[in-house]
């Protein structure tokens, strides 16, 4: 027990002492970004406990609360809201928390989907080479010759038509995740393949082969960890892209149902109010989105530089 | 080289058929074009007659095959919505989109490379750090919001630039251009920025990191050791080598400009193929949608082909790799 | 003001007319644009009143209840210079009755059109058609000669894969002449100096630049920035801002369009509900409870920013059949609604899906969202499926919805127009938009009788009876009638037209 | 140490060959009307190594040394020929079951100690990998003990097992690599340029360690290097490889005392002598030809001072001369002494 | 003695790292006469390359010259402004790097790289420069130089590329060439050729050379004098024959012993126990003391200065004339 603790403490100390953490501490912008991501992430995670209202439960909304400005009592109901309410009487603050939850979920999950597909296929292509490589990379090329956004639109459209009507309601978010995820896997596959081909040629992989380790195990134990660095960088930058893509899809009218809006849907709703004087309906969700995307991008940026030994 | 071209064209054809297939399977779920074409008081019999006239009563594979067959003959069908041959519609809208794409592509390229080089050379400068941080906003905001925000700032508040449309255009042959009139040029500014900002940010960051890597290579060190001027080293040696990897990515990015034009064109009421697509989606105008997607795929393939050829032109190593030698 | 002054009128809408062919499509956008260029025999003016246009007078032949006589306006010329005559009327009406014509349903029942002399035309109908005049206000007159010369004697056929000349060219008798057209973008017209109505109408705009701006924020931005003089499709939420802007104003007025929900009360079971074996909507108490649970005033105040008139019937004011009393709607009363639900055996509520358009009516999706909230309060768990109209319409036409939003404009200004499509049970001719699945053959007969009844008093009574029945059954839950808001520069004077159609010839520019 | 010269060889390589297909893609070949292209990286190599001996392969870059090594340890399959380990043909695809069992008995040490250790693994995990991969041990304590033993064997501290490779110097890393190779108690170790990435002072440590281990465990080495001085110190027998063929195979003493093949002599002459005023170093003329289309006849003839017409036409067979085997027409014909030293000078 | 071409005094190169200041070159001093070839040997990480980079003013940040001075013909060059230093590079001091595969810009023709260098430093017109470039290529032994001047680097083999690199370094006839392991990346058979070209050309032009390598064989046949570095410090410097056959510093002795030779037979090599300390952990006193079999108390306490021994100088207390025989015996 104590030994395990000691090991853990040692690991923590090593982590705190690592070059990665050192370069992290030295970049104040990155620290701020990490804090922002952490705060928004936590707030989104804990939304049901933090948020003053449940914006996803339409029956709990009072329409008469609608369009209340921030911190001013509503003229009919007298209720006051921190960041005001939207046209449905939805508390903007709660909506942002819940919306960030969906956006982050869609972002994370779609990145995981593209990462999973991309890593698996990239490893296979890079390690096996030959026709396996050709087939996988041709498919990736073909998909790369078509813009992400349209790929996602198509997959979404097809899923929507193919699923039974009754299932669509619950499937909206998974379908969104899959659409964005599938749209973006080739990038991962390409990177992973490249790294794999380099690593495969290195002596330590050869050594593992001489030792008789099966190919699957070599890919998992030896090559995968090396691939993770660059993949992580793409993934961080991809996370913010996925969140934005979700917002854009929602602008184009596909996406999550309006009764449980994501940040992107909040923006789509809010953009109608850009000139109307009810600025808070757009402003706060936009700030939240930018804060998330910007911070995640900053983290990705830092990670890319920190993980690139040549730039150190 | 020839082999490469043939392979690329074969690939392009596959892409197009695949895209057409997905597009077609998607359209079946986009709604009923007939409901859209007929007034609210049309009877059911009228609707059925129209469905039949459009060939929409046929099973999906038949419709798809018919479409492919026609396309192979250069016939893209007639728009359900406006009753004109799709090819005419696209031809009419193409100049607007291509001019917009060209300008925003140039903006992204020139701005991206310029700022990328600057931030790489002044790596620790205050200004370049600021540029790096601010540029991220370009990829942290959805395009539609950027567009709307620009309109409010520059058209409504400052009244410097028009908020919608293409301004006056001049017709030269089958091409309408906005390049020759003041209002045409003014109208290009905001949409180009909106459309190019995202790509510019990406290109800038890519150029910067590639440049930083190139600046550490041995041949740059050797160039310094030979006492070449800083100018010659940065722009004669480093920039050239930076551009090689940048070209590929840039190609992909510029290709997607056309796709993203959907949003920009909608926001700025830019009369290009993107806004045509959106109107068609609303009206379930299947022939136009299908043609648009084919067009985007084709454009993308074309841009990639150009990029690859450019690659050959820039990098002598590739040239000789295909022409033999060891 | 000096009429010699060049006065451009820059006008924007959210959607363009897909075609300039006057008979291909039956849509507000087409009519809205073509009213500047073409003219019908009979006009509805800015107040919605029937006034003469190309016909100076009309009436049933005293001898024949199935023949209408029209006396044409003399001395009218087409933009091409050709004179307008009875031949053109015969040609145009017949063209409008072509199977390819989108407007032919308005003329259903007309069997022949005959030229009597150069300025007299007879229209013969199968049965007596008391409302024929109402149906003619959007049937435009073309020049036979021009049509023949340009091979557009029939409307667009999608089978032949060519563009017809009339899609992008126009030759009417109207106050403005088409100068140039870029579809979906810009259409320019100039004043017709030889217009017959010179002197009768203000005709102050010398040039009309008609732009299409799909994106609502952009549309408003262009008005705010001074790039436009007039915006027809104003987003509700921007009305205040525009009205408060120094040199802009907003004119509002009622539109002849009702927004309501339809309920599937006819099926034995609701496909989208968790209640199996029975149909909760089949129980009138449930329908009444729904009617009572929706807070129409809140929708009006918050969602519509005041720009709607809450209603209790499917018929907007100004339409034949409307009455104040019919328009009474039940007071918003959750407690009572809950009680009704309990009485019907649904105290625990049930789930159902609401199909809703999201790009057709003013704030359609938002109204539906609010409705989800209201019904949630009486235990009905509504899942909202909001889609573009193109996808929404088929769910109604194919009976794939249990609960749907629909808006209905009354082109003929007579309630029968609405009832035929949305309440008459569905067959080849009637009830295309009726997804209630309720079949009431007696009432169907009564509705059919409306079409041929020439005795106005008798007909009105029948109409009132049917409307009362519809209201009592609560198969439809009316929400409100839309109000129109037109934004414009101060100095422009124009009244909001109930069909949402602008006649630029009436516009006064200061 | 005594070597039983008559003992059956532990490893016997017969007519080993490996051809790499370096053709362009099919379409490109069709259009440009090009034939397929092949590299004969190894072309008919035979040698044998007795138990406890060291056999060295020397040759220029690209002569096929590593390819032979990789075939011997099973990383790539030979195109032709047999590799008999303890009289079992490990290149025979039909005997994979036997081969898997034999695998454990041969191991490999790589050239670059920086690349051959996975930077993300701790040293003890690296050394333990063969133990678990071959299923030799599964008990943690047992493995730990074994790893500690191995570390001591290569003169490292058992506590070093907790560290990562980057915390070690090049020589120490190569010792870790040796420990890994020894983990499964192999009898035969292929060493592909084990010291060419190391400094001379460190090289001495590693070579000495290899020698000690050989003495202690009776290991057999296939040593690949381009450094003739290292060969001199380590090997019992030497094979000189040129463009995938063995130019000469001889016992070390004999080879250095009396090099027979002109290429061997050229290599020996190119080694600088440290002694002041010692034998002058002669630069080798020319560069190794492109292996895709090697010269006809004896592949060495373009660089050979003794080349004549026959050499240009006819590939030489092997001539036995004392303990050596030489593939050279000149040696066979006895015209070895005619070479004027001037021919070695730089053109 | 004539004025030295290059004079390095107490050169110290430091890297501020997150774990403290790292001294890569520590108070290094030596002189170089015109036309002389000085070998710089030592283990990997001993500071050879940093010395070379410091002289030519190309230390990569955060590395910097922390002390001492470098004089070229009496003129201080370690603190020159960037532009003045640039004019010296290539013109007066040339440099050759280890890896010819990466030293040439792959996208620029060989000829253009040469012309650009020549034009930068001389008054030649581009046309004259091109002619000169061809003659330089010929001089380094590239056959058919005129025909190959428009080739790209990848069209040349490794040995030919290194010849091109030499031609580039010599393009403006510098007085000093720093060759940092010019043959390590090349095939054994080509190494001798390259060294020969370098040596011949420099002898012809009277160029002085600092030859950095860890191949004692190369040093033995090329250098006039040799400096042995250990952990950033000068261990021994002297005429090449002396250092090889009569090394004075225990480290040099160990080093020489561990070189296998062709006549050595199959016996054990001598070896120095242990390994070079990391630069951040250099022990006090003599850097070599933990590995030195002859170390005594003073070696741990004090850093030895350079003592004269025969024609050489070595930093070892064993050579201190004032040292008591008793101490030396231990």
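Residue numbering begins at 1 within each chain, and the chains themselves are lettered A, B, C, D and E in the order written.
Following the convention adopted for this analysis, a residue touches a chain if its C-beta (ideal position, glycine included) is under 8 Å from a C-beta of that chain, and two chains touch if they have at least 3 such contacts.
Chain labels with UniProt names: A, B = ABC transporter permease; D = ABC transporter ATP-binding protein; E = Methionine ABC transporter ATP-binding protein.
Treat the numbers as computed from the prediction; the structure is a model and nothing was measured.
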Neighbouring chains shared between chain D and chain E, ordered by label: B
Chain hops separating chain D from chain B (ABC transporter permease), counting only touching neighbours: 1
For chain A (ABC transporter permease) and chain B (ABC transporter permease), chains touching each: C, D
Centroid comparison with chain E (C-alpha atoms), farthest chain: C
Of all other chains, the one whose Cα centre sits farthest from chain D: C
Chain pair with the most C-beta contacts: B-C
Chain A (ABC transporter permease) and chain C: spacing of chain centres that average the CA atoms, whole Å: 45
Whole-Å separation of chain centres (CA-atom averages), chain A (ABC transporter permease) against chain D: 51
Residues of chain B (ABC transporter permease) engaged with two or more neighbouring chains: 29-30, 148, 152, 156, 216, 278
Sequence positions of chain E contacting 2 or more other chains: none
For chain C, residues that touch 2 or more chains besides their own: 217, 221, 224, 359, 387-388
Interchain contacts (touch definition) - all pairs: A-B, A-C, A-D, B-C, B-D, B-E, D-E
Chain D residues within the chain B (ABC transporter permease) interface of the complex: 24-25, 27-28, 30-32, 34, 290, 292
Chain B (ABC transporter permease) residues within the chain E interface of the complex: 216-219, 221-230, 232, 236-237, 240-241, 244, 314-317, 320, 325
Residue numbers on chain E that touch chain B (ABC transporter permease), as the complex places them: 56, 58, 60, 86-91, 94-95, 97, 99, 102-108, 116-117, 120-121, 152, 154-155, 165, 168-169, 171-172
Residues of chain C touching chain A (ABC transporter permease) in the complex: 216-217, 220-221, 224, 235, 237-238, 240-241, 271-272, 295, 298-299, 301-303, 353, 358-359, 365-366, 369-370, 372-377, 382-388, 400
In the complex, chain E residues that touch chain D: 43-44, 141, 157, 159, 187-190, 192-193, 196-197, 214, 216-218, 220-221, 240-241, 244-245, 254-272, 275-276
